[in-house]
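Below, each structure is written out as C-alpha cells.
Both complexes below contain chain A, partnered by chain B and then by chain C.
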Partner chain A sequence: MVAFMLYTVLPLVWLVINASKTQGELFDSFGLWFADTFALFTNIGDTLTYKDGIFIRWVGNTLIYVVIGAGGATLLATLAGYGLAKFKFPGRGAVFAVVLGAVAVPGTALAVPTFLMFSKMELTNTPWAVIIPSLISPFGLYLMWVFAVQAIPTEILEAARVDGAGELRTFFTISIRLLAPGIVTVLLFTTVATWNNYFLPLIMLSDPNWYPLTVGLNQWNAQAQGAGSQPIFNLVLTGSLLSIVPIVVAFLFLQRQWQSGLSAGSVKA
Partner chain B sequence: MSRTFRNTLTRRTVVAAGAALALGALAACGGGSSSGGDGETVAGSQADLDAALEKGGEITYWSWTPSAEAQVEAFQKAYPNVKVKLVNAGTNTDQYTKMTNAINAGSGAPDVAQVEYYAIPQYALSDSLLDLNVYGLGDLKSDYSASTWGSVAFDGKIYGLPQDSGPMAMFYNKKSFDAAGVTKVPTTWDEYIDAAKKIHDYNDKWYITSDNGDGGQTASMIWQAGGHPFNVDGNTINVNFEDEGSKKYTAMWNQLHTENLLSDAKGWTDEWFRAMTDGSLATLITGAWMPGNMEANAAGASGDWRVAPIPTYDGTPVTAESGGSSQAVLKQSKNPALATAFLRWLNNDPASIKIFLESGGFPSTTAELSDPEFTDAKSEYFGGQQINKVLAEASTQVAPNWSYLPIQAYANTIFGDTAGKTSYTNHSDLNAGLAAWKTAIDTYAKQQGFTVK
Partner chain C sequence: MTMASATARTVPPSRQPVRRKTRKDWRGWIFVGPFMAVFALVFIAPLVYAIYLSTYRNQLIGGNSFVGLDNYTQLFQDAAFWHALLRVLLFLVVQVPIMLGLALAAAMAIDSARLYGANLFRIVLFLPYAVPAVVAVLMWGFMYGDQFGLVGQLNEALGTGLNPFAGNWTLVSIGNIVTWSFVGYNMLIFYTTLKTIPTELYEAAELDGAGQFWIIRAIKWPALRGSMVIATIFSIIGSFQLFNEPNILRPLLPNVITTDYTPNMYAYTLAFSGQQQNYAATVAIVMGVVTAVIAYVVQLRGSRNEER
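Then we have the complex of A and B:
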C-alpha cells in the first residue's frame, strides 16, 4: 500500500515542488525539496504570458476539443449503444463484430491513414481534424450497449409505448435517466482520452495556434534540445501542473455523479 | 521517375498493411511523390529572385530555430510586399513527420523549411526539394564552409542553403581535470582514455563523458575516425560498419565503453545537465553549437569549462560535423521564386546572419567564421577563453566525403532499440551493437523499396 502510494503520489509531489523553482535551480538543487526561491507564482505568470500567452490559447483549444469531441462522442455512443441494445434490426451482429474489432485497434495505428484521408478533404491543420476523429469512441459505444442491456428493462419501454410515448420521448424522459451512470462513465473516459490525446493532434496540426496542451507542452519541452536551444523547463513543469488541474477537478466531480448514480440504480433494482 | 513511383507504391502498401504504427517509419519514409509545381519547369536566375521580392506575395516557413522570429521580422521590414508566415511545427522529428505526411498527401507542406543536414538526403531522394541551381544559387558555394556546403549540395544539385554548423570539439571541465590530476589536455584518444581512468579513479561517480547509445553521435564519431559506413548509389544502399574507420572508432571507444568508464546519463536530460554543473561529467565531445546550451542549462558551472580541439587518433587534426541545419525550398511551393528569394536572404544576407549569431548560433558562412569580431570574442562562461577561435578552426578540419543514408532519420531513432539493447545495456563490444543496427537498417531499407547490398 505504501509502495503504491509512493508510486502514484510521488510524481505529483515532484511536479508540485519543481514547479516552484527557477530554471537554474532545477539543475542545482535537490529534486525532492524546495529550492531557495519560491518561484511558483512567477512561473505561473510566465507560463501564462510566454509567447503572447499561447498557453491560454492551448487551454482553450483543449477545452474545445474536450467539450465538442468528448461530449459528442458520449452523445453518439449513448444513442448508438441504446439503439443496439434495445432495437432488433438486421445486421446487428455485424455491427457488434465491427465495434468489438474497432475497440482492439489502437488510435495511434489509425492516425496516419486518417491524416491522408483528412488531407484529401482539406481538413488537416484545422480543429476539425482533431474533433471529428474524437467523436468516435468504439469503447464508449460498447460500454453503453452493455450497460443499456442491463439497466433498462424492456418492460418499461413497452409500457411507455403502450402509453403512447414516441421513441424519442421515451429515450429522453425515461431511458436517459436510467443510463446516467453509464453516460457519466463514458464521459469520464472520453474526457480523459481527449484531454490526453497527443499523437493525433501532433500529426494533424502544424499551426501551434491550434495545438492542444499536450502537443504544446511537448513543443516547449523539445525547445531545450539541440543547437540553439532555449530551455524553459520551469515553464514546462508549471504548465504541466496547471494542465492537470482541470482534469483532476473533472474527475472528482464526475466521480461523485458516477457513484451517486450507481447507488441510485442499485436501490431501484 | 520509375523509382519514385515504386517508392510511392511501397509506401501505400506499408500504410495499407497497417504498419503505420511505426511513427518513425513514416517520418523517415521519403518515398512520396511531390506535386505542387506539377508540369511546369522552374528555371530562372538570381534576377528573377529580386523581381519576386519586389512583386511580393505570401509564403510559409517552418522552423524551430530560436532566431527565426527576429529574422522573419527583419525580412518583412526589408521587403514589405512579402508576407512570411512563420510556423513552429515542432522540433526536428515532429516536423519531419508532418512534412513527410504533407508531401505524401500532396498538399499542406510549407514553402521553406528547416531541414537538418542528416535529413536532407531523405527529402532529396524522394524528389521533394527544389534544386536551387535553377535560380543560380550555385554561385554562393564559396560563401559557405566546405563541409556544410557538401551536406546540401550533391549529385549535381543544391537542396538547401546551410544555416548553422556543428564541427565537433572537446568541451572540458578544467576544474574537474585539475581535481583529478589531469594536467595535460588530451590531444589524442589514447591520452583521452588515460584521462578517463584518472577521473574515474579520483571519484567513482565521475566520468570523462557520457554515452548511453545515440545514433547521431556514434555516426559523427565514426565520421571523425575516417569511416564511411553509409554508402548510397542511386537506389542502392550499403551499410558497412566493417570498414577501417568504423573499426578504428569501436576499438578506441570500446576501451571506455566496456571498461565502464562512461556515464549512462542520457543527453539533454536533467541528469546530464546536473552532471555538467557539478563537475561529475568532465568532457563533452560535441558540436560547436553547444556553448549556448551550457550557459543556459549548466549556469552553475560558469568559469569551469574550456574548449579544445577534438582528440584524434594520430595527432593530425581532423574532426566531423555533429548536427546543424539548412533551410530548403519544397517542390510543393506554389511560389518557388519567392520562397528561394527568402531562403537566399535568410541564409546569405549579412543582416539575417547577424541576427542568427546574436541568438547564439554557430555560423556556416566563411565570412563570419573568419571575422575577427567573431573569433576574438571572449566567453565569460569559458573563463574568458576565445572559444570561437578553436571552433572556427575546427570547421576547416572536417573530414570530407561523408554521406548519410536517405533513411537516416529513421535509422537514428532505432539506434537505442538495436545497438542500445545489444551492447549498451551490458557494456559489451560495440561491434555487435553496430551489427544489430545494420541488420535493422537493412530490413527497413528493403521495406522502403531500396536495393540493399
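Then we have the complex of A and C:
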C-alpha cells in the first residue's frame, strides 16, 4: 500500500516542486527537489499575465462550461434517475436499453459526427458546442437511479400522493432533500468530467478565446516544442498546477458528502 | 431476455426487498423526458447522422454521391485501421486487467479496515482522477524524459538505460498514465459496493466460523460482480476510445505515435486534416459497433455467472 501511495503521489509532488522552478532550472536541477530559486510566485504571476492574461480567460471559460454543463447534467440526471427509480411507465424498458446501449458508443466516437452535425447547425466555435454535449451524463444517471431506489421510500411518495401533492411538488419539497448526498456526488463527478474535458472542446473550438484550461495548456505545451519557439515549460507546469488545485480542493472539502453519496444505502433503515 | 432486465440484474442495489404496487402510468416521463430530449440531440441524432454520412462519398468529380456500403468495404481493407484497432486491443488486454486488479486489491485492503489510515489511502488514491488528462500526460511526459526528465536522472544515478519513449515502450508508457489516472476511480467503485454489504452478513459468517478467505469468496466476491462488470465495460470503452494520452504525447515522439495510432486518432485525422468526413464517420460507426458488441458480451457473461 505504501508503494501504491508513492506511485499515486509522486507525480503530484513532482508537479508542485517543479512549478517552483525557472525555465532553466527545470532542466538542470534534480526533478524531485527544489532548485536554488523559489520561483513559484513569479511563475504564477507570469502564467496569469502571459499574452494579456489569456489564462484567466480560460479559467473563466472553464467555469462557464462547468456551471452550465455540469449543473445542467446533474439536474437532468437527478430528474431522470428519480423517474426511473420510482415510476413504472410505458417505455421505461426502452429508456434503459437505449441509454445503457448508448453508453457503449460514447463520447469520443460520437464526437466527430457531433462536430459535423453541429457545424451544419452553426454551433461550432461557440460555447454551446461544448455545453450541450456535456449535459448528458449516463454515469450520473446510473448513479442517481441506484441512489434514488434506496434513498426514497416508496411509502413517503404514496403518503404525499394521498395528501394530494402533485408529482413535481413532491419531488421538489421531499425527494430532493433525500437525494441531496447523491446530487452532490453526481455534481462533483460531472464537474470533474467537464473541467477535465479535452477532446470535445479541442474539436469544437478554433478560437483560443473560447478554450477551456485543458486545451489552452496543451496549446502552450505544443507551442513550446516547435522549432524556433519560445519555450514556456515553467508556465505550462504552473498553469497545470493551478488548474488542478480547485478541483482537488473541492474533492477534499466535500469528501464526506460525496463518499456518503456513493455508499449511502449501505446503512439499513 | 430483454436488455433492461439483464442490466437490472447486474446492479445489486436495485433489488428491492419490499415491492409495493407501483402504478403504471405516464408520470415518470415528466422526470425522464428532459434527459431523453437532450439525449436524443447529442447521442441519437449524431449517430443517425453518422450512418447517413457513412453511405456517401465526396468525390472530386461528381461531388457528394451515395455509395452504399463502399466506405465500409474500404475500411475493412484498410491496413491503417486494422493496425490501430489491434494496437488498442493489445492495450486493453494488458492494461485493463492490471488496472482493475490493482483497484480491487486496494478496495479489499481498505475495506478490511485493518489498514491504518484507510480513509487517507482512499482519498489519495482517488486524487489522480481529478487531474485532467492533459495535465497528467504533461507531467508524465516531463518525467519520462530520458535526458532531462526524472527517468534520465534515474539512469544517470543508477546507470540504467530506461527509455519510456522508445518505440516498443510507448504503449507501456501510455498504459502507465491511464492506470495512474483511473485506478483510484475504479477502486472507489469497488469500495462503495463493498460498503453496501450489510454487516449482519459478516457477523453471521463469523458465527459460522468463516475466515477472511471465505468471507471474501462467499460474500465480497459475489457482491462485487455487478460493479466488476460495470468497471470492465467502462474500461473497455475507455481503451477503444484512447485518444487524449497518445495525442498529447505525440509532439514528443512524432515518429512513434502516428496520426493513426489509435482508431479514434485516425477518425480525428481523417475528419480534420484529411477532409474525409464521410470516411471518418464510417470509422466512428465501426468502432461504436465493435465497442457495443464487446461491452454486450462482457455484460452477458457477467450476468450469466451471477445465475450460478
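Note that in this section the second predicted complex is superposed on the first by the 258 of 269 C-alpha atoms of A that agree within 3 Å, B and C clash if a C-alpha of one lies under 4 Å from a C-alpha of the other, contacts with A are read in each partner's own complex, and residues count from 1 in each chain.
The working rule: a contact is a pair of C-beta atoms (placed from the backbone, for glycine too) under 8 Å apart; a residue touches a chain by one contact, two chains touch by 3 or more.
The structure presented is a predicted model; accordingly, all values stated were derived computationally and were not measured.
Following the overlay on chain A, a clash is recorded for the pair chain B and chain C. Looking at the shared chain after the overlay, A:Pro113 reaches both chain B and chain C.
Contacts of A:Ser206 after superposition: chain B is touched, whereas chain C is not reached.
Set against each other, chain B and chain C differ in how many residues of chain A they touch, and the higher count belongs to C.
Of the two partner chains, chain B is the only one that A:Glu122 touches; chain C does not reach it. Within the superposed three-chain model, A:Phe171 lies in touch with chain C and out of touch with chain B [touch as defined at top]. In the superposition on chain A, contact is made by A:Gly24 with chain B only, not with chain C. Shared-chain residue A:Trp195: touches chain C; no touch with chain B.
Contact with neither chain B nor chain C is seen for A:Val16 once the two complexes are overlaid on the shared chain.
Within the superposed three-chain model, A:Ile56 lies out of touch with both chain B and chain C [touch as defined at top].
Legend: residue contacts after superposition of the two complexes on their common chain; A:Ala159 is shown touching neither chain B nor chain C. After superposition on chain A, the chain C segment that clashes with chain B is 57-65; the remaining candidates among 57-65, 111-119 or 219-227 show no clashing C-alpha atoms. Of the residues of chain A, those at positions 26-27, 31, 106, 108-110, 112-113, 115-116, 199, 203, 222, 225, 233 touch chain B in one of the two structures and chain C in the other. The part of chain B that touches chain A in the complex is made up of residues 15, 18, 20-21, 23, 26, 62, 64-67, 87-92, 94, 97-98, 101-102, 104-108, 164, 166, 268, 270, 273-274, 277-278, 287, 289, 292-293, 296-300, 323-325, 359-362.
Within the complex formed with chain A, the residues of chain C that make contact are 2-5, 7-8, 11, 13-14, 16, 20, 22-32, 34-36, 38-39, 41-47, 49-50, 53, 102, 106, 109, 115, 121-136, 138-140, 142-143, 148-150, 153, 180, 183-184, 188, 191-192, 195-198, 230, 233-234, 237, 240-241, 243-244, 248, 251-252, 264, 267-268, 271-272, 277, 280-281, 284, 287-289, 291-292, 295-296. Of all the residues in chain A, the ones that touch chain B in their complex are 23-24, 26-28, 31, 106, 108-113, 115-116, 119-120, 122, 124-125, 199, 202-203, 206-208, 219, 222-231, 233. Taken together, the chain A residues at the contact with chain C in this complex read 1, 4-5, 7-9, 11-12, 14-15, 18, 26-27, 30-32, 76-77, 79-80, 82-84, 86-110, 112-117, 132-133, 135-136, 139, 141-142, 145-146, 149-150, 154-155, 158, 167-168, 171, 192, 195-196, 198-199, 203, 213-215, 217-218, 221-222, 225, 233, 236-237, 240, 243-244, 247-248, 251-252, 255, 259, 262-263, 265-266, 268.
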